[in-house]
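Shared chain: subunit A. Partners: subunit B in the first complex, subunit C in the second.
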Partner chain A sequence: MARLLEKKVSRRHFMGLSSCALATIAIGSQVKVLKALAKDGRIDAPTGLGSKDVYSSCGMCVNKCGFIARVKDGVIQKLDPNPEFFIRSRAMLCARGNAGVKVVYDPDRLKYPLVRVEGSKRGEGKFRRATWEEALDLVAKNMNEIKDKYSRASVMFASTEGTFSEHFFTQLAECYGSPNTLRHPTLCLSSNIQGFGATFGTNPTPDVLNADFIIMSGANRSEALMTPDSIDLLRGDGGKRKLIYLDPRFTKTSAKADEWYPIKPGTDMAFILAMIHVIVTENLQDQAFIDEFTVGFEQLVPHVAPYTPEWAATECEIPAADIRRIAKEFAAAAPRAVYYQGRRSSFMANDTQMRRAMAILNAIVGNWDTKGGLIPNANIELTKHDYLAPWYDEDIPGRLDEGSVTYLSEKDGAWPAFRDRALAADPYPIKGMMVYKQNPLASVPNRAKTLKLMEQMDFICTIDITMSDTAWYSDVVLPEATYLERQDPLEALGGIVPVVAFRQPCIPPMFESKESLWIIQEIAKRLSEEIAAEFDFTMEEHLHHQVKHNPQILEDLRTKGIYYESTEPNYGRTRGTALKTKSGKIEIFSQKYADNGLDPLPVYTRPTAVPSNRYRLLVGRHAYFTHGTTANNPYLHDIMPENTLWLNPVEAQKLGLKNGQMVKVRSAVGEEKLKLEVTQKIRPDSVYMAHGFGVLSKAQTNIYGKGGSDAALIEEKYCPISGNVAMHETFVEILPA
Partner chain B sequence: MKRLAKVIAILSIAAFCASAAVAAEGGNAKKGKYLFKKNCKSCHVEGAEGGVVTPMKKTQAQWDRFFEDKAKGCATKAGISEQDIKDVQQYLFDHAADSDQPETCG
Partner chain C sequence: MSNKRYAMVLDTRKCIDCKACTVACKAENHVPLGRENYRNWVMEEALRGRYPNLGQEFTPGQCMHCANTPCKRVCPTKATGVNADGIVTVENKKCIGCKYCMTACPYNARYYNEEIGAVDKCTFCEHRILTGREPACVETCPTRVRVFGDLNDPNSEVSLLLAKHPHRVMKPEMGTKPYLFYLI
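Entry: the complex of A and B
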């Protein structure tokens, strides 16, 4: 941290981006920043505002952990974990959560509405400061022009979860009349949701705390943090826990596991099918459970006959004896045994069927809705915000990506399929792009294609708190107040023990940043009276509407930062009730899939072999960063200033490459330069780089020019069932830079 | 009450049109969503006489059965056409508890 403090505060930087002066980076303490801002006349100097504690929930990643902001003289001094939030976050706040303070007092944050300078090109970063009035008028003008010239469907709306306010943005899309909302699930875990949904009718939560035996495939829980799983994984119940971990890399989770197997990438399904083979061959399944709660077991038995451990060993490079033993141990520990599906992105194009195999393995040992097994999520009801999107008697086509994948979520879309059709204007053009928090340039594989997509837009507007790559390529950039400055609606967080969270402002919004509801309302007002009418409420009214059936919820949130009805799981709620599948039971054999021409039971396909002189590119998350959103945070940047390319020493020697040298990584779609890290922590046939670097935005001054972008390298292969991108189907060449 | 009677009559006609396999043939689910919210919500919200109704309250087969008989008695206060009924049915069918619409994230 000393290095940070030595840096001097650059006043010029706090002037915002109005002069495009982006070369200088400066970090200061919060007080220094505030003083600089005060001198600049942009905010009042800190005065004796006293001290207060504010309960709210974190916005640094997907977990929404509870914290208490310690505020003194109008300055957030520190964020402490909220002990009341034990149910979800086990009263913990991670490195990212702690670094949240720097989101507010970050010189790189967005401060004012910005408009791209007339005559400049997108990506040059030439923005001028605009008034809210001008910027919002420009947004509405362009949205209306595109609607008149093409259709309402020609404006796409990209957004992502986590803000608690995203539904206002999708409401705007629906009220405007565009079917084309593009959310994050196909960049995330739509295949997981699909595979488990097809089997159980829902995607359940593994009861990590109470499971005695856990098998984890690549969901690197000690680094890709999920609360409470990441914490519970290490606690276990009385030390009985056994963790088997499969990953081509030696991650932090490998270090914590009882057994780690560097599985050959893309072969998880072979391992799982062989486990099922052992269980049914040796009659270790929970037959009583299967008879009562499932359909299709009789088709499963012959289906897995060829999938012996000996066969699987040649596929996944895990010894047959280990597969056999693990299968027996798993069945013996059941029902307190889970093959953890958890949160993990999709690696291969067959991911939905791999998830089906995982779900079936769990089902046959009877771990459904019982302590230590897979628990369907419970929820606390909030009164839904309802609205009536106007009906337009115009010829508005359906989703652009309609029919592109078997099971398309009409609200989420399928990113790569959508992009391909938009590039071809097939069957109609997409000319406007409204973005809220999402950063497709960093998150959708094949960045060059996303840049082409953006090039063909008549208009791009991004609402964000930071100058993401996508904002950098936009025409209008609107600064949202950060999660520490704004009031957010209540959010019901489902899970084994459900809770309700919300956010309340720790300090007023700084600079000219605004709550997203206000921004969206102002756009709505400018679009039409009809649309504006659906946004005619205040945030306070909205909060009270959400809890009108139980005002205690809001009371608890304001005073404790969390609402819950029980601290204990309620196991077995769904046993004996119809599940949300066609049969109402757990579907081992999926008739629905058969009817759609899909394999009704998961069939293994061998992944494409790594070509000679190439490596399989693996990507992954990191405990310090959330996707592409936090690498520029000054505190977190100090911990990890750039990403590196992991390469096994044997391969490094073959290529004549040395640890620390710069290398070029080339795939079929892009080339990036970054530092080489020669390490035994990776299989010789693969290389790895962390996500979130190699940015295009020069306004991310800490990380611009540092490391490489995985999105620039990954080819956009995707699962034809769910539309989920396949992150590990790209081969790269490594060359000295 | 006149409008109510009209809707009941329309629903009765619609019952004949309901297909067990694909809900109402020729139904526009997108318009159905609008019509459902506009017309059905007057009775089917929390605290109102009809109780809360969402597409997820029934399976596809249950919705089809509903439109075969019980929809006749579904007293709404709006006058909507036969086509409107088809649209509403298609919307409810497409978003039923066991529909192909996957769960989402966030």
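Entry: the complex of A and C
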């Protein structure tokens, strides 16, 4: 009997195998043919059996990588990287990109319009399902009431990048008549844009692929993924380029770097100035380049005279000999060498000047607009979307944060400065808050203050795909269709090799979620005929308008998910042409800054010393979450279910604290509880916690009650030049919980 | 019969522990949610040295599709089998969930899948290979740590890589003859 069974089994096994082998031959050969044809461009790439493939762009972070959605029976089965997107995202998808499927099929997603239950308090989370009609009427009614009672400027509009549709929202603000749009740059890279812009007239892209020598300070590219930089950094056999990495933490980038220096936080500028000092005193600069393309080198030389490597060594705790050697190696590798500027939130209040120092260092070795250096972004033109904001006879004041920082972006605003003035109603009150996909409660430092700001609002409306903390504290919550369910406009992604991306729906919007354009149009209709008239177009018309000059762009996007005109960089485009600076040249010495009472050359300021029994709180990224938006995603939650507070073992011993125990972290503005992680991976004078936890929204069921919020602890100091928040100027004490 | 011998070559120097492979695998193969359920992984190796002289490696792994299979040997129902192309398989219907194979596997590459009621593990995404595509973890990897292919083809990328670079396998002392090769 046993033998019989065995026989039967082995027979079935054999049958299974042979049919399998047959399938390999049959399908395998077909695929080979299809693939060969696809290479010639004669037919589309082979697709999965019986499934529909949709080409679109990822919406999990800012990179907009290309993917192919494998859709079967109306269900998105899988998101695969789009090989056509190679020139931008190197044909890959990260953990977040792969987790995108769960954004659509997440029980926690927003499904219906919600209205806060009458009589309940904000933050209690008592919402009732409403019809779109009722919710939209309520939004328009409140917006109209606020303008009648105060002014059109009393409604603020907060929105975020990456949606491809943000411009519709800022258009609504402008048509409504409010100057107060609050975009993300002052929580991100505005100091960077300012510092590089003042020097080069633009914020260039480092040619990581072709650089032989890269210095990164604070740009944690193996965790804070940017395409294609994060990928290009690891290309080749790993030995072709040298990576010098400065970070108070041992990150995954440290693990990949040739040299890692745990720099004292806030002293990066000392390191850079000392490098410049070495280069100019040893005459290693590219003098021909400097003479032809820059202004102000002669002022730079005496300026950096006191900034010796020996001086810098005491500031940043990196040996002088190393600084000297690195400076020489950098100059020798130039122009295929970059001091990589990164893009993150600023560290300190002097961040713009630190970025200026980076830009100047790059300029004096001539690594500008040449292979392996800093490349000014190229762009593909799309036809501009024009509209005419209605004219209102009433007096509308200017931006609330006008004059709060030297260079205020009219559209972006300066978050912390704006919030302070709004809290003081100085010079006028802000009473309405329209939010599109921004989450100020998690992203603006000093959460208690943001809560206060929200308390004083007559009305708050949030449009999002998930119940963020900000949505949780809103009066009306409107569900947007996710990036996998909606048509988004085209967006030109500038870079060394520019491309155009867009999004098309993989499946129709689920539940009652709607495309943002529809939501905004419906609000516009209810506000006034004049405003509605500026939104009188369909998405399809908008897409065709964008490619009016070249319909091929839309053709390519629909069939390949990407449009590009060349796969190769075009180096040297700006050489011999005037840059967008006052002098038309690279401004080592900034007359513009001097005229504005700012240091025309970067002057080092020592960071505030860490008080005794306190630690400097550091922020930083990892590859699993995008800011505060994806921690609740079930796949990503599996990878990282909570955040911890990193503390060096020497300090843990001093405090008598053990790995894994709960601790209280207290700053001047807040207190949070989370688990302690005792690790060698951090300087003894600093602590670190990941962003995205300690949420207020109970509707984020996976992460509510887990970890701590950095936004609750960080003080809102900011750069007076760009308005960018300074994330590393907060000291905390640590107590057993 | 197949004349292929599938294998994977991994260049861990490029691995940044971004977990793209893990999520891609979960989505592709409907691996149930939960940290204990996985077909592949990236191991954060122990930190070397003391602050500030530190080093760390990240090692991705999955079923090693061994030539000498302890998992198959201990399976009382012959649910675990080996295809001619070297892919180690589990036949769900035959699996009685005794988990002997999970204990026997020196690489901890198997987990019990409650949803299908059977032990589950990496199949090199056989269903994708059949349609001419790479395993999901290989295709999605941002830094191209993993390379997949046929060792019987001397011109395949895996063969060329192994011919060119010194390499090792995990736990060679176990005598399992694994087919995941790690470049040194």
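What we mean here is this: the second predicted complex is superposed on the first by the 683 of 737 C-alpha atoms of A that agree within 3 Å, B and C clash if a C-alpha of one lies under 4 Å from a C-alpha of the other, contacts with A are read in each partner's own complex, and residues count from 1 in each chain.
Note that in this section a contact is a pair of C-beta atoms (placed from the backbone, for glycine too) under 8 Å apart; a residue touches a chain by one contact, two chains touch by 3 or more.
Bear in mind the structure is a predicted one, so any value in this text is a computation, not a measurement.
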item: Contacts of A:636 with subunit B and subunit C, given as first, second, both or neither; value: second
item: Partner contacting more residues of subunit A (subunit B vs subunit C); value: C
item: First (subunit B), second (subunit C), both or neither touched by A:661; value: neither
item: Contacts of A:552 with subunit B and subunit C, given as first, second, both or neither; value: neither
item: Which of subunit B and subunit C A:95 touches, first, second, both or neither; value: second
item: Subunit B versus subunit C as contact partner of A:581, first or second or both or neither; value: first
item: In the complex, subunit B residues that touch subunit A; value: 30-31, 33-34, 37-38, 41, 45-46, 59, 97-98, 100-106
item: Residues on subunit A engaged by subunit B in the complex (per definition of touch); value: 62, 160-162, 166, 179, 183-185, 188-190, 193-194, 197, 201-203, 383, 386-389, 391, 398, 407, 409-412, 549, 578, 580-582, 592, 722
item: Residues of subunit C touching subunit A in the complex; value: 1-2, 11, 13-14, 16-20, 22-24, 26-28, 33-35, 47, 49-52, 54-58, 78, 81, 83-84, 91, 94, 130-132, 136, 139-143
item: Subunit A residues within the subunit C interface of the complex; value: 9, 13, 16-18, 20-21, 23-24, 27-28, 31-32, 34-35, 46, 48-49, 78-81, 90, 92-99, 101, 222-223, 225, 230-231, 234-235, 237-238, 250, 252-256, 260-262, 623-624, 634-636, 638-639, 641, 648, 679-684
